[in-house]
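Look at the two complexes coming up: subunit A is in both, with subunit B in one and subunit C in the other.
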Partner chain A sequence: MQILKKTELAALKKAQELGAEKVIELLDKKGLVGRGGASFPTGKKWRFAFDAKADEKFVICNADEGEPGTFKDKFILENNPETLIEGILIASYVVGAKRAFIYLRGEYDYLKGNIEKVIKSVIKRSRLDVSVEIVVGAGSYVCGEETAIIKSIEGFRGQPYYKPPFPPVSGLWGKPTIINNVETLTCAAQAVLFDDWNSSLRLFSVSGCVDNPGVFELPVSVRLSKVLELAKPRGKLKALFFGCFGGCMPYVDMEMTPENVCGQDCVHGSCSVIVVDDSRSIVDLCYVIAKFFAYESCGKCTPCREGTVRVLFLMKKLKDMKATKEDLALLEELAHHIKNTSLCGLGQSATNHIITGLKHFREDFEERIL
Partner chain B sequence: MKIKLDGKDIECDATKTLLHICKEHGINIPTLCYQESLKPDARCRVCLVELNGKLVTSCSTLPSDGCSVITSSEKVIKARKMNVELIMAGHVKACNIDNVSHNISGMLEEIGLQGIRFDPIRDYEQDLGSAVVREDNKCINCGRCVRTCAEIQEIYAIDFASRGFNEHVAPYCEHNLADVACIKCGQCILHCPVGAIHEREHLFEVLRALKDKRKKVIVQAAPSIRATLGEEFGMPAGSLVTGKMVSALRKVGFFKVFDVDLGADITIMEEASEFLRRVGKGGPFPMITTCCPGWILMMEHFYPEMIKKDYMSTCKSPHEMLGMLTKTYFAQKEGLNPDDIVVVSIMPCTAKKFESTRPELESGVDFVLTTRECAKLIRHFKIDFANLPDEDFDSALGVSTGAGVVFGASGGVMEAALRTAYEFGTGNSVTKLEFDQIRGLDGIKTGSIIINGKEVRFAVASGGANIRKLLKDKDKYHFIEFMACPGGCIGGGGQPPHSTHETLVKRAQAIYHADAGKGLRKSHENPVVKKIYAEFLDKPGSEKAEKLLHTYYQKKSEF
Partner chain C sequence: MSDLVLNILRKVQDRDGFVSEDALKRLSKDLKIPVSRLYGVASFYAMLHTKEQGRNIIELCGSPSCYLNDGFDVEKLLEKEVGVNFGQTSKDGKISLFKTSCIGCCDQAPAMLLNGKPVVNLTKTKVREIIKKCRS
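Our next item is the complex of A and B:
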């Protein structure tokens, strides 16, 4: 796997030889985009922070991988932390940060000791004057949102705030800050060093009704049938969920490019695929996901705070076969409302599963109506 | 920058938010969590507009070149309505009609909310503080109180706790407000749109005392009340209603109506003398005023080292001084039993409610009513306030000077003290009574004066954040006045809510107007003050004055 290739500090050395501007150009050329879900060009992000004038800048590695069905960052943290740390050091070197943070998911606390060891040894060998601190989250899903990470590290409530200003201009403690996903930073180190680095290879987390769940490295344009071939689905395929926030679609053998996934009204995100067989009802799954979002909403903005819980109540009614036609209409209205008016990415995707569920599997919903 | 606003091409300032731009072009957008004095939070999602087809909150969004903004499409109106419906679902059932500080009815009307499809589900206990009461069942999570406490006051007594649907406003570690480092300033009350946070009312207790035939219930009104009470009865901001207020209070049935301005004059006598003693001894400086109980609490919680360093004046606040004199001097003179006297203060302040329960004080005041409660009391007796004749305070403790009146505005205590200190110190009279450097609504004001060849530097700050700022270079000054509420008592937590900057300006003008209209404008020229010292207290700082009019402070927890 490309992602497991170690750079052994050669990437950092090369970055230092090239200089900050050249590194950014190189990343632009190699086409590295964010792997956390938003697919924002990494070079562009770094350039914003590089251009910003400030006495202090920060780098944050987003290791708050809370999305159900996504476990690729854990895979990297377990198997190639050295290259990740090197990526962080390269980012720090490029933007001129003296302090970097790894915002580690609360549930990954058991990895902390090992990562700390790696940080120590990598920094010692790199002889770079940068500190990398691990901040362990407290188990909040929304803290994977970049502005919420900033608030959390600052010691405030982990709640998102509105953008702009974007973090590369004004982030942690009001200073320019770049926030990149674990996979992105690891890829950054590899992209700098290896001439044959392939930007189209992505990590797919596949789980659900499959015999061989796990992380697979595949080209982003891989056909879905190829992914499933590796994962070995059980039973008759019914649907695919792209994590919790990506929505669901019926099985269609298509190329897994973001455009194609969007065509199904779903969000490609961090390439997580949850396979569902035909023994399940989409309503039951949507209920579980609604519960998840009602629980994980931070409570800041009205549609998400009040809406997700109302969605949950309506889903419960539907699940228990007590809902009326009007309830279903209200559910649909609420789902679109939450998506359109929420403050951050969590709220904006908190009802994707219902919107896409109603689009592709309306009969599952309607058969539950009173 | 050129943008399209509701189909019209307009020129706009790129640094202004869409909400501002719309307002400038006469388009009214309903808001809820937005407040001019606070940073936008974009949490309520009521002020939605369409920006290039996408719904955004206008309070937090800046225009981009050539963008198209639509403020009243069906999509916008539907989304706003749904958000308000979601917000109000919990509130409506908990809210009773008798809710004076409800200021969202205009917004609700504009939104056109008809019926709510969701059931209320929140169930919280009331947080019954000694001065401020929180009712989370009414709360709509707009966060104005939290932001006020953090941004304007920098006290951080309340914040949100829990998450998602369980998110609610809570003091530190979910303790009661009474048990945490809250300065009881009540600024949160002024900003709450739904009355979910309000003063601890003492109306019932006062009414009971009024009915008790054995009790002599004496009322005393603070300097700033006369400039704000009118607003509660629909008069424009800045209406001076001293005479009507006195006659209304008499109609309510109070035995005597006294003027806290007199207490302010006595405070000045004590404070100016204390200051001159310090000038004579060469310190300790700065001396800091102690009229504001909010500031006292702030000091005890966050700056307790000041107690040891003796920066704080030992003077009680004016109404406490007057309350004490009512129960001693006045009772003695009239042959009344002090136990039969009930002193009620009408204050612009919620912290005064707490102050009157401080064990350090042996308070002479039994109950404190805010301006809002006072208006409620007057309404309770169905008194036609606007058409009342003007009456004077009872003369026994009701003669005051302009120096007492200016206590109501930020900088007033300093100004009054300087008028007297200058004359006490030099023996000459002050040529210009108005100290313009320390007037106005700036958060921090400074100035200096020469007394006996020595330069005395003074500073004034109002609002918690400004106090913190000024405290960083407090060593530059000899005399500092701190008021916890922005603008001083005219912006107090017990005043009519939802005041704008203009309201405060008008209230301050009324205060200074009242000062200018007084024949007597220096505290030491007040004949009643002279009489009290001659007959009772001897002289400022005497043993008796120390016992009755001075107090001490105690360190409190930072959390």
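Our next item is the complex of A and C:
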């Protein structure tokens, strides 16, 4: 696997030889984009922070991998933390940051000891004057959102805020801040060092009704049939969910590019695929996901705070076969309102499962009506 | 490292088992941060507890992947074996039950965290053994 290749501090050395601007150009040329879900060009993000004038800058590694069905960052944290730390040091060197953070989700606290050891050893060998501190989160999905991470590290409730200003211009404590995902920073080190680094490879987390769940490194344009061949579906295939936030679709053997997934009204995100067999009702899955969003809404904006709770109420009625036709119509209307009017990405995707569920599997919902 | 509020609160919890009102008041003085803000932070996060908890904390994963691989209703079994509902602590003070959104063990579902460490591929026998161990 390309993601497991070690850079052994040679990537940092090469970055220092090239100088900050050339590293940014190199990342642009190699086509590295963010792997946290938004696919923003990494070089561009770094350039914003590089250009920003400030007495202090920060780098944050987003290790708050909270999307249900996603476990590829954990795979890197466990299997190639050295290269990740080197990626963090390269980012710090490029933008001129002396202090970097790893925002590690609370559920991965047990990985902290080993990561700390690796940080110590890599920094010692790099002879760079940069500190890398681990901040352990405490169980909050929304803290994977970059502005919420900032608030959380600053010691406030981890609630997102309106952008702009974007973090590379004004982020942690009002200073220019790069926030990159674990996979992105690991790739950054590898992209700098290896001439044959392949930008099209992605880590797919596949789980659900499969006999061989796991993390698979595949080209972004891989056919869905190939992904499933590796994961070995159990039973007859019915649907795929892209985490909790990405919505669902029936099986179509298409190339898994973000554009194609988007064509099914779903969100590709960070390549998590949850496989569902035909013994399941989409309503039951949507109920599980509705519980998740009602629980994880941070409470800041009204559509998400109130809406997700109402959605859960209506989904429970549906699940228990107590909902009317009017309830279903209300659920659909509410789902669109929440999507269109919420403040951050969480609220805006909090009803994708219902919108796409109704689009592709309406009969499952109608079956449960009184 | 210890100047960050979240890290400090976690440390307090590691020491005391939860973040008490007294601890928040003391921290407020030390850090010169209003106690209301500290309480706001402590109560925001699912894994920070402002009330005393059991000696062992079980956090059951509620992700769709765990749901799809749960052939025996692990939720009900846990409630039955511990004798309390989720969000509560057993009378002997030995076990607190919580649900959590996803612990990233989707490839080893169903899974849960026991005192912060993952226990994966849960079966009825495994669950019963764990509860027994927590009680001893």
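A few remarks follow.
To be clear about the criterion, the second predicted complex is superposed on the first by the 370 of 370 C-alpha atoms of A that agree within 3 Å, B and C clash if a C-alpha of one lies under 4 Å from a C-alpha of the other, contacts with A are read in each partner's own complex, and residues count from 1 in each chain.
Here is the rule we go by: a residue touches a chain if its C-beta (ideal position, glycine included) is under 8 Å from a C-beta of that chain, and two chains touch if they have at least 3 such contacts.
A quick note: this is a predicted structure, and the numbers were derived from the prediction, not measured.
Residue contacts after overlaying the shared chain place A:Val267 against neither subunit B nor subunit C. Shared-chain residue A:Glu133: touches subunit C; no touch with subunit B.
When the shared chain is aligned, subunit C comes close enough to touch A:Glu67, but subunit B does not.
Within the superposed three-chain model, A:Ala294 lies in touch with subunit B and out of touch with subunit C [touch as defined at top].
Within the superposed three-chain arrangement, the count of touched residues of subunit A is higher for C, of the candidates subunit B and subunit C. By the touch criterion defined above, A:Leu358 lies against neither subunit B nor subunit C after alignment on the C-alpha atoms of chain A.
In the superposed pair of complexes, A:Val309 makes contact with subunit B only, with no contact to subunit C. Judged by the touch definition given at the top, the superposed model places A:Val192 against neither subunit B nor subunit C. With both structures placed on the common chain, the touch criterion links A:Asn340 to subunit B but leaves subunit C unconnected. By the touch criterion defined above, A:Arg157 reaches both subunit B and subunit C.
According to the touch criterion, the shared surface of subunit A, contacted by subunit B in one complex and subunit C in the other, consists of residues 140, 157, 159, 295-296, 298.
Residue ranges of subunit B in contact with subunit A, taken from their complex: 40-46, 48, 55, 57, 60-62, 79, 82-83, 86-87, 89-90, 117-118, 121, 141, 159-160, 162-167. Remark: subunit C residues 1, 4-7, 9-10, 33, 37, 40-41, 44-48, 59, 62-65, 67-69, 100-109, 113, 116-118 touch subunit A in the complex. For subunit A in complex with subunit B, the touching residues are 140, 142, 157, 159, 161-162, 164, 294-303, 305-310, 330, 333-334, 337, 340-343. Of all residues in subunit A, only 65-71, 74, 105-110, 133-141, 152-159, 205-209, 213-215, 241, 244, 274-276, 280, 285, 288-289, 291-292, 295-296, 298 touch subunit C in the complex they form.
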